[in-house]
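Take a look at these structures.
Presented sequentially are two complexes of chain A, the first with chain B as partner and the second with chain C.
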Partner chain A sequence: MIVGGGISGLFTAYFLANRVDPEKILLVERSYIGSGSTLRCATGIRASFTTEEHIVLMKRSIEYWLELSRELGFYLRRGGYVWLLQEEHLDAFKEYSQLHNRFGVPTRIVDREFVAELVPSINQDMFAAALHDPLAMQADPFEVIHTLTRFLKSTGVKIQEFTEVTKLVLDHERKNVEAVVTNKGEIPAENIVVAAGTGTKNLLKSVGVDAPLEPLPKHILITMRYRRLFDPLLIDWASNSYIVQSRYGGFIVGAELAENTSGEAINRIDYMPHAVRIWSKFFKWFPKVYILRYWTGYYVMTPDHHPVYGPVEGVDGVYIAAGFSGHGFMLGPVTGYVTSRWVIDGDPGIAQAKNLMLARFTMGRLIREKAVIG
Partner chain B sequence: MGGEMKKIRMCREHPAIVCRCEDITLEDIEKAIEAGCNNVQCVKTMLRLSMGPCQGRTCIPLIVRILARRLGKNPEELHVPSSRPPLVPLQAELFCR
Partner chain C sequence: MPRDRRIWKHPIIDFKRGRKVRFFFEGKVVEAYEGETVAAALYAIGIDVLTWSPKLRRPRGPFCMIGKCSSCLMKINGVPNVRTCIEPVSEGLVVERQREIPPIPETSENRQVHVEELDVDLVIVGGGPAGLIAAMEACKRGLDVVLIDESPRIGGQLVKQTHKFFGSHEWFSGHRGFEIAELLSKKLASFKNLRILTRTTAYGIFKDNVVGAACFGSTPGNYTIRFRTCIISTGASENYLVFPGNDLPGVIGAGGAQTLMNVFGVRPGERALVVGAGNVGLIVSYQLLQAGVKVLAVVELMDEIGGWFVHAAKIRRYGIPILTRHTVKEAWGCERVEGATVVAVDEKYEPISGSERDYEVDALLLAVGLTPDNRLLAQAGAKMVWLPSAGGFVPLRTVFQETTLRNIFVAGDSSGIEEATTAMVEGAIAAITAVESVRGISKEDEKYRKRLLKFLWGEYRASPVVRRAAEAKKKALIDPEKLEEVVRG
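After this line comes the complex of A and B, so read on.
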């Protein structure tokens, strides 16, 4: 059983269905599919991270994205990422780039002219240089989740929406999980993958497991559609803000606002002015675009900004896939792969994933990611 | 146009438009229902209904009626999407005065 119908749950079902009888797989979702963070995300996929774990997993995820987009027929566009940097960021990003290159991600530091070729209308006075990640891509979360859902149903996987799991149930020895309680009754289950985004922490608590997962409110807007002005996703590292032109032409803009974890994600009056000010400095046309929609969502954060993967010590049959700290969409395929391998083979199949188990927090083995955007 | 939409819009026999901004017809909606959509969020995310400049002011009341009738459900059961600011498209510079 998989709890949570976001990108993580759906890809876990996908990889499980490749190996076991799909009819034995049940995915339950408390609302409609994608209603958590997945349909709110900024569609970005990249491997330009700052730790071996993230770079290796993301690179594999990108390979799966390419393969699955061909196999299942969904949109994927390789526009790359451009990290716009100030003088004082350069030394750190040179190091990051070396790390990327070591693991086969061909990023490099580029000058302003290079950026101006990719993004002709950009104001070159606003940055000193940039890091270019040519592997990075964008997908369309709406299409991905509908394509996956339709495919999974066609294989026989059962998907039950509007079913909320209220707790996990252990056997009488309190060692193995044996069922879940939902608002629609109890459902027996031998193995349970908890991929429930913001709901994960409470579900784990119901079996006495404490996981450091904290929801952090995030803000994002989209403009009306315009003809394509540039391909890459741009990051202004100084303000921790990004802009990308969506598949349909709207500019998606995310920008960091100071927020507390466990605060509620509600619209803030200061978000739109903040986002507009940043990108109006980079583009003289930006003040003229029409803003269509502003929404919020959560990054589920962990203390070291890496996900929590794999089985839980002391509670057999429970597996976690949560705490993506803002990177769960891009990780979707690899999350599905390692989680399915853990459930079926007892091993994630990618060595670096083992460093991301829950036990790392109690053992003090944190792996810090420094490149969290938005 | 998305793969999902392409498949659904392959052939259109009658042009009763439900969502003008995203060019979605009654027939597209019927096909989405056949594909398993049973609430407004599903139609929205599958067809992009209500995601254009009018932000659903015209098509949301229509889709609620269509789904309620076709599925025999109450409007409350249909998961109508939230309205989001700025409600009507506004020029970015208005926020920076």
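After this line comes the complex of A and C, so read on.
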């Protein structure tokens, strides 16, 4: 059983269905498919991170994205990422780039002219140099989610929406999981993958497991559609914000606003002017575009900004795939692969994923990611 | 060659057209009258196609005429995607059609946007009957009120209603809808504690009791309105029907057609077919006759006519057949409806093949129901319930019109589809509840509200036709005590 119908749950179902009888897989979702963080995300996929774990996993994920886009037939565009940097950021980013290169991600520091060729209307006075990640891509969360759901159903995987799991149930020895309780009754299950985004922490608590997963409110907007102006996703590292022109032409803009973890994600009147001010400095046309929609969502944060993968010590049959700290969409395929391997083989299949088990927090083995944006 | 669709003689409406203005339409100078909107003015001179869909390049003409459907988006003074059905004409305006996804506008300088922060006791979004009465009741009781409406004039759907209201004397029975709008507008003009912002769209409800509203077009503005209480009375939008050709220009909402002919004095077509025999379909058919349009038939899917008997009898007197158990199969035409096929349906409402009949018409008017427009409430997180009998999703509310959002109330069609008198009574109740939240309720007001409630849930909706709506709305009611629990989570 998979709890949670976001990108993580769906890709887990996909990789499991490749190896076990799909009819023995049930995915339950408390609302509609994608309604958690997934359909709210900014479409970005990259491997330019600052730790070996992230870089290796993301690079593998990108390979899967390419394969799956061909196999399942969904849109994928390799627009790249451009990190716009100030003088004082350069030293750190030169180091990151070396790290990327060491693991086969061909990023490099580029000058303003290079950026101006990719993004003709940009104001070059606003940044000193940039880091270019040519591997990075964009996908369309709506299309991915719906293509995957349709495909999974065709293989025989059962997907049950509007079914909320209220707790996990252990056997009398309180060692093995044997069922879940839902708003539609109890459902027995041998193995349970908890890929429930913001709902994960509470489900684990129901079997006495404490996981440091904290939801952090995030804000994001999209403008009306305009003719394509540039391909890459741009990051202004100084203000921690990004802009990307979507598949359909709308500019998606995310910008950091101070929020507390566990606060409620509510639309704020100050978000739009904040986001517009940042990008108006880079683009003199930006004040002329119209905002179409503004919505909120959560990053589920962990103390070291890496996800939690794999089995839970002391409770057999429960697996976690959560805590993506803002990177769960891009990780989707590799999350599915790693989680399916944990369930079937008792091993994640990728060495670095072993470092991301829940136990790392109690053992003090944190791996810090510095490049979290938005 | 452009033609003239303006109505110059009408049995009951005297169109007071403003002075002539000239604007540019794709390089040519065209004439219009002040008070018209761009879409109405273009339609009046025979421009059917206002835009093309960006992907499949299908032609689009006006459908709703109240800013709810976006089938009229055009480029105005270089700014793309302007809803031209609610954008007034003015001298020298530059209007262009869009054939694809527009580039970033090349306006020469960044236009100055008027920015203003307001702080009020009550903000009312939507100036239809619900919002106008709410404004009046709240202003009478001394609240500081802002009323926002996105169309150029207040009145909501009243401005296009030319028939006389039934109901109660207290609620304007005997008056025509547009007269009620005029009466209320005049009364409201005398209040110093009321500010009315027309052409201003409320775009969101934000954290800490803030409504954001923007004025587009030639005098752009952005308002941040901090409120103690808020009433959402945003009305409803017209439903589409699914059939091939349903997006052709000339397929128009019945309400859209009413706006064209009764507000702007522009004939929606020459020969029309009306789909839906509810009150709206029947009234519109009659008004089409008054506007000089030939109505070939009214098509109704159900076994029975949904509208009131008096209205149906009137239509029949004029020899218009009402075809029950029939539906539209398709509409055809090149850049404009040229005809439609009607088909009979069996007990399961499946088309009976062989029963097709073609009608040569240039207007196909859809009167197939409304959907409450309560997007602002949904966006702000109000608990909604799915109630097909009230038109779709509607907010959970108490009899005092409180939603599950603290100090945010709902009134009129956005709380569930009904009619104008109910909208007014709900507006009055919501206003008194708002007064109660701001500074407590007086004995008289409490008595008055009790009387309104008794009227609304008792005598007024006693007749079987309106009782249906009341029964529907009952399902969206929540006990005031229960509400406290829901609000507190």
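One rule holds for everything that comes next: the second predicted complex is superposed on the first by the 374 of 374 C-alpha atoms of A that agree within 3 Å, B and C clash if a C-alpha of one lies under 4 Å from a C-alpha of the other, contacts with A are read in each partner's own complex, and residues count from 1 in each chain.
Simple rule for what comes next: a residue touches a chain if its C-beta (ideal position, glycine included) is under 8 Å from a C-beta of that chain, and two chains touch if they have at least 3 such contacts.
Bear in mind the structure is a predicted one, so any value in this text is a computation, not a measurement.
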When chain B and chain C are modelled together on chain A, clash or fit: clash
Chain B versus chain C as contact partner of A:268, first or second or both or neither: second
Partner chain in contact with A:288 - chain B first, chain C second, else both or neither: both
First (chain B), second (chain C), both or neither touched by A:226: second
Between chain B and chain C, more extensive residue contact with chain A: B
First (chain B), second (chain C), both or neither touched by A:73: first
Which superposed partner A:114 touches (first chain B, second chain C, both, neither): neither
Partner chain(s) touched by A:249 [first = chain B, second = chain C, both, neither]: second
First, second, both or neither for A:143, with chain B first and chain C second: first
Shared contact residues on chain A - chain B and chain C: 224, 267, 272, 287-290, 294
Parts of chain A lying in touch with chain C, wherever the complex brings them together: 224-227, 229, 249, 266-269, 272, 285, 287-290, 294
Interfacial residue positions of chain C with respect to chain A in the complex: 54, 79-81, 100-105, 107, 110, 204-207, 210, 212, 224, 379-381
Interface residues, chain A side, partner chain B - complex: 31-32, 34-35, 39, 73-75, 140, 142-143, 145-147, 150, 153, 223-224, 247-248, 267, 272-273, 276-277, 280, 286-295
Touching residues (chain side chain B, partner chain A) in the complex: 2-4, 35-36, 39, 41-42, 45-46, 48, 51, 53, 55, 79, 84-86, 89-93, 95-96
